[in-house]
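Note that chain A is present in both complexes that follow, paired respectively with chain B and with chain C.
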Partner chain A sequence: MLSIKLAWRNLIGAGLRTWLNVFVLSLSFLIIIWHKGIIAGWDRQAQRDTINDEIGGGVFWHKNYDPYDIFTLVDAHGKIPEKMQTEIKKDKLSPILITQATIYPEGRVQTILLKGIIHSQTVVNIPTAKLSTNMEEIPAVIGTKMAKNNNLKVGDVVTARWRDANGVFDADELKIVEIFKTNVPTIDNGQVWIPLSKMQSMLQMPGEATIAITAKEDGLRKNVGSWIFKDHNYLLKEFKEMIKMKNFGGYVMWLVLLSLAWLAIFDTQVLSIFRRQKEIGTNIALGMTRGQVIKIFTVEGVMYGVLAAILAVLYGAPLLYLQAKNGMVMPEGSDEYGMAISDKIFPYYSFGMVLITATITLISVIIVSFLPTKRIAKMNPTDAIRGKVQ
Partner chain B sequence: MKKFIIGILMISSFLFGQTPTAEEILQKIDDNMVFEKAITTAKMIIHGRSRSRTITSKSWAKGNDLAMVEYLSPAREKGTKMLKTKNKLWIYTPEPTDRIISISGHLLRQSVMGSDLSYEDMTDNSSMIDNYEAKVLGDEVILGRKCWILELIAKNKKIAYYSRKIWVDIERLLPIKEERFAKSGKLLKTTEITEAFFQDNRWFPRHMPFKDALSKGKGTEYILESIEFDADIPEYYFTKAGLKR
Partner chain C sequence: MNKKALISTQQLIKHYPVGGGKFTALKDINLNVISGEFTGLVGPSGSGKTTLLNILGALDVPSEGNAVVLDHSIGNLSHKQAANLRNMYFGFIFQTYNLLPVYTVYENVEFPLLLQKLSHTERDKAVKQALEWVGLTDKIKSRPAQLSGGECQRVAIARAMVKVPKIVFADEPTANLDAENSHNILQTMLKLNNDIGTTFLFATHDEKVITYLRRKISLNDGEIVDDKVI
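Moving on to the complex of A and B:
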């Protein structure tokens, strides 16, 4: 208790120097918690949106399908097996036929992926119900980014050209019947959704599909013949790796700020020990053990950490709360990285994350505060009282 | 024997001033345009929205299955070679990469460097009579030349264009204007032969503007600078090793 009292008195006595150290340390606390909160919020939102809009409970890929090689689409299609058809009837599976095509908005050439989907499906959040419209043109649904990039609006008619199963060119008019908003660019950028039955007939691929998305609640989860099931671990792997990288970037930033705080605390401790040699000598002469004196100085260092945590809570908690409530607006063009990202990210702060961050910061501060006090153990009390530099 | 009978029939048709049958005309076009072996040097001018790009290339071709193209300019593409053997495609990039990459044969369907021509169009040396059923629709003077108008409907189910309409120069037996259609009947591509030359007893196109009929682009001009028919091309030219020669 005595050491805490003494430490507190010394810290307050140091005035502005103490508060500068405390402020830098509190900033380090706050920034890492904020950064981790943003990444965690993005991770949760992106995974939720990707599952709801694109991958459901997992996706069956035709054995030749490779999303990274557009040219494989020519061979990546096949008859939907009986077992999968049963699931389609129960709306537990949504087959999608994909082909490369070209559209000509305002006479410009734009390569796209044409995707056929059942209009009555509810497996993914795409407004496919609009595709049931009967019209002369082929009804098409596109995302907002696709609409913006190609200057398309509901009601617009655009020519599309594709090749059928034999490689023969065909062309027809598409009519935009709906534009939907999604945070998942992989179902939006350069993609046009049309009715599956129409697409199968256009490509001369009756009863065929390229992929099939399973319902997120339940359904098939194992390979069916040459259809390979890809689960969340596989489909979200790339995104999770990117989140890891982002987290690593956050740690680097945290380390830089923490280093500044460490340096300030270390310097303060060294200066403090140098300036308070007489006090150290007197304390030892009055019967204090070296260990007790070291404890006083170490507690002073730890107090920086405690004060920083309190300060971070005082000014940081309202800021973090406000951002968690209102979200952080992402800059224009953030979605062009190809990852699921919404216009606003709502940070997510878990108790565990805050506790781990605070504990690591505090432990590191204790170590940094303790290191300079080792000199005290080597001090000669008589010389210290005389104020002789050691 | 078949060719001999067709030849006799054609000569008699021409002598008596009658329009030959569509098949006879296609056969004559094939005789004129399809070659066994050839070395060509060509220039392709791709007209973009704001500027035009010129690509020059030299090609070695044997039948419809074997072709090798080397880009001579622009500097960025110089030395790049493309080898097509049936449905396989390899691309060689010179130093500093010095690599041969095997490309999916489906790339043949893609546009050549943003032009209105696909690799398939560029290396096409296929016979019209093997791929299309033809019908003579009449005659017309076009580009200052008297032509027969033919409608072609694909009999080969794997041919890129389901139907074509061609204007065949009666004298030179060259399709000096062509419209290529999708299965739906939509016009996809137009080509013209605005300049031709006579060499080795056949007329051959010199200058051909191609245009994607669905786009507002200004099209692509293909200019054949030289051609050497029945040239002596070593077999290794059509091998992967030949790409690095």
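Moving on to the complex of A and C:
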């Protein structure tokens, strides 16, 4: 109690210098929490969107399917087995047939992925119901980015050209019936969705698919014959790795700020121990032990941490809260990562994350405050009283 | 002497390491101080006054021989015991006042009582009493920077006296003061010595101080060359 009281008196007495240290420290607190909050918010949003819009509860891949090698698509299709058919009938599985195609919007040549999907499916969040129309052209839905990049609007008609199962070129007109908004670029950029049955007949691949998306709540979760089930762990691996990298970047930033705070506190401590040696000597003459003096100086340092935490809460909590509530607008072009990212991210602050961050910061500050006090233990009080220690 | 000695030394020697060898600052000091004395260690600069005062005040230890203060052998005390002795029974007054600049007058005087862990009411009473003794009750909220040298030294006296110590050690308490303030300070201390019976031990070469002393112990080159009651 005594050391807390005395340390407090000393800090208040030191004035501006105290508040400067406290501010730098509070900033380092806040920035890491803020950064981690954004990443966590993005992580949650992106995983949710990816699951809802693209991968459901996991995806069956035809054994030849390789999303990174577009030329495998020629061989990556096969008959949908009986077991999966049952699931499809229950709307627990959504088969997709994929092929490479070319469209000619406004006379330009554009390579795309043509994807056949059952119009009645609800497994993924794509407005496939719009594909259920009777028209001369093939109905197609596309994402907003695809629409923007190719200047396509609802009602536009474009020519598409593809090769069928025998490698023979064929062509037909596509009519855009719907443009949908998604945060998942992999179902948007360069993708055109058309009715599965239509596509199967176009390609002469009746009853075939390339992949099949399972419902996110329940459904098949194990390989079926030559159809390999890819779970969330696998499908989100890359994304999770990128989140890790982003977090790492945050730690680096945190460390830089934290070292600034360490330096400020260390410097303040060394300087004040030198400047206040007369005070230290006097305190000892007045009956303090060296241990008590060291304790006061350490407590002063710790108080920086505590004050910084309080300050961070005072000005930081409202800011962070507002942002968590209203979301943070992401700059244009943020989706170039190729990862699901929405226009607005809602930072997410977990109690554990804030606690761990605060604890690490505090402990490091205690250590940094304590280190310079070793000088006090070596001080000769008779010299210190006169301020003669070098 | 019929009274028991508060302070006594036998063949007290103090060396300081200097370069490779050592410098002897005190040579064979034998000394007794009894309760209620108003005594000064006087002598030229470098004669060992401060060195002796610091040892008797348990801030330093003898190299050889013995120094017994309030029945404690200074050389055998642990850091903690020495701190406790200073905390409970000693008061210190320094040439440069050594007040804590960030504390108010009140807080400076209160400080030793905080170390003694006295209650708030006990502290408050004692601080106000001590400030009355030195005539500074109107400066309670001032900080040292706002006070004159004489006022600072009176705060320091109040700080030394607030716990009603057995002995006050005062090292050149008037060296930074003008004549008027010096007399002021000395009269205050003499009065406290008379009224409360606190023992005062000075280290000084100031003639003004010497005229107030009742016993003058003269040091030269680390030796007592004269010891007389005036």
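Keep in mind that, in the parts below, the second predicted complex is superposed on the first by the 389 of 390 C-alpha atoms of A that agree within 3 Å, B and C clash if a C-alpha of one lies under 4 Å from a C-alpha of the other, contacts with A are read in each partner's own complex, and residues count from 1 in each chain.
Throughout what follows, a residue touches a chain if its C-beta (ideal position, glycine included) is under 8 Å from a C-beta of that chain, and two chains touch if they have at least 3 such contacts.
Only a predicted model underlies this, so the values are computations on that prediction, with no experimental measurement involved.
*Asks:* If chain A is used to align the two complexes, do chain B and chain C fit next to each other or clash?
*Replies:* Aligned on chain A, chain C fits beside chain B.
*Asks:* Does the superposition put A:Asn189 against chain B (first), chain C (second), both, or neither?
*Replies:* neither
*Asks:* Have a look at where A:Thr382 lands relative to chain B and chain C in the superposition and call it first, second, both or neither.
*Replies:* In the superposition, A:Thr382 contacts chain C only.
*Asks:* State whether A:Thr282 touches chain B only (first), chain C only (second), both chains, or neither.
*Replies:* Only chain C is touched by A:Thr282; chain B is not.
*Asks:* Is A:Gly167 contacted by the first partner chain B, the second partner chain C, both or neither?
*Replies:* In the superposition, A:Gly167 contacts chain B only.
*Asks:* Determine, for the superposed model, which of the two partners chain B and chain C contacts more residues of chain A.
*Replies:* Touching more of chain A: C.
*Asks:* So, does A:Ala14 touch the first partner chain B, the second partner chain C, both, or neither?
*Replies:* So A:Ala14 only meets chain C here.
*Asks:* Which partner chains sit in contact with A:Asp69 here, chain B, chain C, both or neither? Use first/second/both/neither.
*Replies:* In the superposition, A:Asp69 contacts chain B only.
*Asks:* Taking the superposition as given, tell me the minimum C-alpha spacing from chain B to chain C, whole angstrom.
*Replies:* 69
*Asks:* Enumerate the residues of chain A that count as touching chain B in its complex and touching chain C in the other.
*Replies:* In chain A, nothing is touched by chain B and also by chain C.
*Asks:* Which residues of chain B touch chain A in their complex?
*Replies:* So the residues of chain B in touch with chain A come to 103-104, 106-107, 109, 154, 157-162, 180, 182-184, 186, 188, 212, 214-217.
*Asks:* Enumerate the contact residues on chain A facing chain C in the complex.
*Replies:* Counting only chain A, the residues touching chain C are 2, 5-6, 9-10, 12-14, 278-279, 281-282, 284-292, 380-382, 385-387.
*Asks:* Within their complex, state which residues of chain A touch chain B.
*Replies:* Touching chain B: residues 69, 71-72, 74, 102, 104, 106-109, 159, 161, 163-164, 166-172 of chain A.
*Asks:* Which residues of chain C touch chain A in their complex?
*Replies:* It comes out as residues 50, 54, 57, 59-60, 79-80, 83-84, 86-88, 90, 92, 94, 96, 98, 100-103, 107, 111-112, 114-117, 159.
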